[in-house]
Amino acid sequence: MAKPLVLLKPAPQKRDRIFTPEAYARLLKRFDVVDYEAHPDEADFARRLPSAFAVVGQPDLDTDSLQSAASLKAIINVEGNFFPNVDYATAFARGVRVLGCGTAYSQAVAEYSLALALDAARGITRADRNTRSGSTAIVSATTSDSILLRRANVGLIGYGNLGRSLHALLAPFHNRVRVYDPWLPASIIEDAGAVPSSLEDTLAHSTFVFVFATATAESEHLLDGAKLDLLPDGARLILVSRAAVVDYEALLERLRAHRFHAAIDVWPTEPIPADSEFLTLPNVIISAHRAGGIPEAFHSIGDMVCDDLELMTQGLPPARLQSAAPELITRYRNKPVG
Amino acid sequence: MAKPLVLLKPAPQKRDRIFTPEAYARLLKRFDVVDYEAHPDEADFARRLPSAFAVVGQPDLDTDSLQSAASLKAIINVEGNFFPNVDYATAFARGVRVLGCGTAYSQAVAEYSLALALDAARGITRADRNTRSGSTAIVSATTSDSILLRRANVGLIGYGNLGRSLHALLAPFHNRVRVYDPWLPASIIEDAGAVPSSLEDTLAHSTFVFVFATATAESEHLLDGAKLDLLPDGARLILVSRAAVVDYEALLERLRAHRFHAAIDVWPTEPIPADSEFLTLPNVIISAHRAGGIPEAFHSIGDMVCDDLELMTQGLPPARLQSAAPELITRYRNKPVG
Amino acid sequence: MAKPLVLLKPAPQKRDRIFTPEAYARLLKRFDVVDYEAHPDEADFARRLPSAFAVVGQPDLDTDSLQSAASLKAIINVEGNFFPNVDYATAFARGVRVLGCGTAYSQAVAEYSLALALDAARGITRADRNTRSGSTAIVSATTSDSILLRRANVGLIGYGNLGRSLHALLAPFHNRVRVYDPWLPASIIEDAGAVPSSLEDTLAHSTFVFVFATATAESEHLLDGAKLDLLPDGARLILVSRAAVVDYEALLERLRAHRFHAAIDVWPTEPIPADSEFLTLPNVIISAHRAGGIPEAFHSIGDMVCDDLELMTQGLPPARLQSAAPELITRYRNKPVG
Amino acid sequence: MAKPLVLLKPAPQKRDRIFTPEAYARLLKRFDVVDYEAHPDEADFARRLPSAFAVVGQPDLDTDSLQSAASLKAIINVEGNFFPNVDYATAFARGVRVLGCGTAYSQAVAEYSLALALDAARGITRADRNTRSGSTAIVSATTSDSILLRRANVGLIGYGNLGRSLHALLAPFHNRVRVYDPWLPASIIEDAGAVPSSLEDTLAHSTFVFVFATATAESEHLLDGAKLDLLPDGARLILVSRAAVVDYEALLERLRAHRFHAAIDVWPTEPIPADSEFLTLPNVIISAHRAGGIPEAFHSIGDMVCDDLELMTQGLPPARLQSAAPELITRYRNKPVG
């Protein structure tokens, strides 16, 4: 009996970054895989689409293509952001699962965010830099602005996969956690043991603020100067997602004035320009979009693809990748990871 | 009615570092306090000792002094290490509580240790340094050695206050935790959900190793070259306590060869000599004895002193400071914090 | 502007059981609600369906009805089980959300299951019964078969909402948890800190076994005599869902022989026949389908309906009710709760 | 070389209840053990005491005896309560460790207390009783007073070993926990994530109240009628320790009037008199002092004795048994477990 057909077009993701050799062998064992990474033959792809069980990647799929795809059960986005080159409405109407791999990065981003918060709380990166540069300041001078995370007020801007994963890591710290997420009812936040709050209250009452907001038309410059002014003196602002939600000019101005500390992983222009003033500030941890993209996260994408395609061949729903919400899929304004 | 007498000689600790104004006012409200910080009048101290309820600090207290101290209920060490200038045996025999403030630092050290581990796992400090120096390396090049803490093998060398506090913070990471502590029976470690192990197994099977060992005659150079060679390639070694337990020459040699990563907070010579080769290594996070001494930790000492002295005036046992173990008090070989 | 139209046909669920007065007032404030509970007017329902925003309940909805329902965004099942009186395929093809309220019961069932397990571990119900009947047996006689849950081997048969909710409650008990769930890949179970296992291993190595399996054609009598024989002597078997997965004749035989203990909440015939031998056994806790149906659970259904309908009117996806999986919706063989 | 001498007089505890055969063999391997259980030869005991390393049990030890005990390092109470037949002051002055085994019961009591609370919340024991008696009441009639533990207000009266062990089990329930403990400063309770409260506030604001108070002169009838009247209607009162702190007449009166529910494990007269009206009440779970005394708890005492005696022969402090507080040892008014 023929194996189900999988069309592999992972660009801009790379096949060998997401599939370990073992995972790829596992995929080949159960599926006929046509790999277009090396040879992006559009005509061949169009010819095979009608008999494909799944497409892995995010190639252009217009209405006609999808209507031709009589056997298609899944379109698996392995890059992390949904772009408008697919006619999602037709996919949904035809019962094709549109699956995203966002959860692959959640743990990596959550651990990184916690690391940034603790580092900003204690000045670890700054002290390493200063000591290497010859500082022999006495300890109490280098720790005078150090604070504990335990029992601190914490704010989460956005409570999707990233916010929830970070929240789980905070459990032993007994924080009071405020959450702002306009896409969720208060009950979900309360049941998770946090306090549903307005954006203003979250900023004004939190010593540690984690920004995990999705970029949409509504969230652009959500954190402008007026909002940043709500932060308590000496707050720690952890920016991991997305640059578009912050006004970086306003942010720079406040950091320059030492109003608070920041750890920043996302930037309006990447790579960070060499002359960026942020690079000169002592109260900032500089990180160049490193929170999610680590080997274990990438490899988990390949494993998730194998797991879920195998479930789907048994007539079961996918269990690891996330089904995209039809209501949201066209609202995201994310840029692809370079 | 006269208030109980407290003799305050906190040196080398400082009074205002451990007592907030509120805490000191609270102390004064309930106790007659004679503060010898500014005026270290030995004769006055000796004259008042017989009527003292408690001594806060670690002044010389020989057998005769203690036998004269008819009302003494507590000697409260506010510095963190017990030195042999007190006749502890006589204190114990007379029912005087010998109390230590080690737990004041536990949370600060635990949070710092977790921060160092996550930073070493993800190269945060290194990347900040490199980016500030102009590196625009692509992300995947800077994260190729990044690893998750989740489900990693973790080893704890020493399971006292520090080890337990750190262990509590690891709960959400679902690690397999091996513990080496020769002062504890296996059952205590098992009941805490960890695996009691030999030093060798702990080193050989742990990706993250936290060193929290007390300095004693037996633990000197516990981690010599042969032991360090047991660490897996690419391990993360977090040294927060005590320098004496590690052979730094052997450590330097292995770090120079990029055998593993380290985050180091304690040093055989402090301040770290400006020409130390450690300061030049990319796979090390340099920290100059900063793990415990932060304002919240210092202030908690004063709060603990107030809490426990108040309990003791009610005939209750102290609840926050730790009663020194007579069996161990003469075995410590720690150096005072500068 | 007109409010969106909601057609309310909750039978066999009752309106006032799921909506508190506050919740119902909230629903009326945002929606035009036509309540068919008292007046089940089929013609009126058919007439209004084309302009309905949502149907709350599980009335018959065939292909034609659904095709007429041009504005329909959601069919909200408030009873707990999906029945074949709805043409789900057409609903999915038209982009209508089919939402279930199963999570409303999860916490109630999880707490109840833990209660049953601890009760079975310690003989609480049995001892209450015996003491009320005049027994003055010495304590050690009544506790000789008592066991701790801490660090015990635990097996979960089924790892959906119920299994996961129970698993969360076990965290402080440091168990080794084995999970059998044929609908999930091993990775999901491992990431949750449990051990993916076969049914046989789960039964053979677990002192506490929780049955949360869904009734399907495949799971009928999953736990037959041969499987039950795998349980260790003195095991505690907690049956909360679903009776169809167990061979009760085989179960009775083993309980009669005191092979293990059981706490049973689901029964092949409900109410439990008065002459059931189960009612006479000392090593059984008798519970008559009480695990989920408590006021807080019922009321949470109404709250979830309000929360999610409000989100959907804003163009957001539902966040509390669960979207039914097209792959599974026709496989369930559950009976309605009486 | 001679093995250290251990004198074993565990009465009223029994040797084979606390030592498994393995534990006793382990004890014999490292120590010369003289077992007085079968042959309580007082003269022999007095003759050997001067060379004894440890006494296991609670025999009479007056000043002279203790002064004769030149090698004595530990008196290990294996019963659970300290009685005034030992001159503790002399023991402390001579540096003899006075060790208690209370922690052996903590987990057993904590699990039992949680079981009682969940059972009282859901009417499990009551429903089992009624169903066995022929009731076929519909489910919603038997669950109308059922409540969840999740996010409920919880009060702990007493925060020693028992209170802390129970608190740990509550972590997944996200409760607001108030603690009343007059022997502790507020900071300890706050650091544990709970709210330090007066007795009155704890009672008035808690749906679940756990009583873990020690019996002292001060705590007698701490919970009298006026205090019990503070409980919210429908509260669940869990009494596990100690009967002396409650006025049972006042309690009975309120339970008879269905003001709240109770689960009671300790009684002013034990065994519970056959004609006690408590035995007839539907809103009470009857338990006859069963919370702690289970095989695993008893056996852990023997294991703790072995662990700590072995540590002490190495010059290390005991790590599992608890050193009695000189300040408290004469304040307890507990009765021995029968």
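Things worth noting here:
Labels for the chains are A, B, C and D, by order of writing; each one numbers its residues from 1.
We take it that a residue touches a chain if its C-beta (ideal position, glycine included) is under 8 Å from a C-beta of that chain, and two chains touch if they have at least 3 such contacts.
All figures in this text were calculated on a predicted structure; none of them were measured in a lab.
Ranking all chains by how far their C-alpha centres lie from the centre of subunit C, first place goes to B. Residues touching across the subunit A-subunit B interface largely coincide between the two copies, over half of the numbers being common to both. Averaged Cα coordinates give subunit B a centre that lies 33 Å from the centre of subunit D. Subunit A and subunit D have centres, each the mean of its CA atoms, that are 49 Å apart. If you average the Cα atoms of subunit C and of subunit D, the two centres end up 37 Å apart. Residue positions 171 of subunit D each touch two or more of the other chains. Interface of subunit C with subunit D (complex): residues 17, 107-108, 111-112, 114-116, 118-119, 121-125, 127-129, 131-132, 134, 136, 138-140, 142-144, 146-150, 168-169, 171-173, 271-272, 274, 279-280, 285-290, 293-296, 337-338. The touching residues of subunit A, when paired with subunit C in their complex, are 89, 92-95, 183-185, 187-188, 303-304, 307-308, 310-312, 315-317, 319-320, 323, 325-328.
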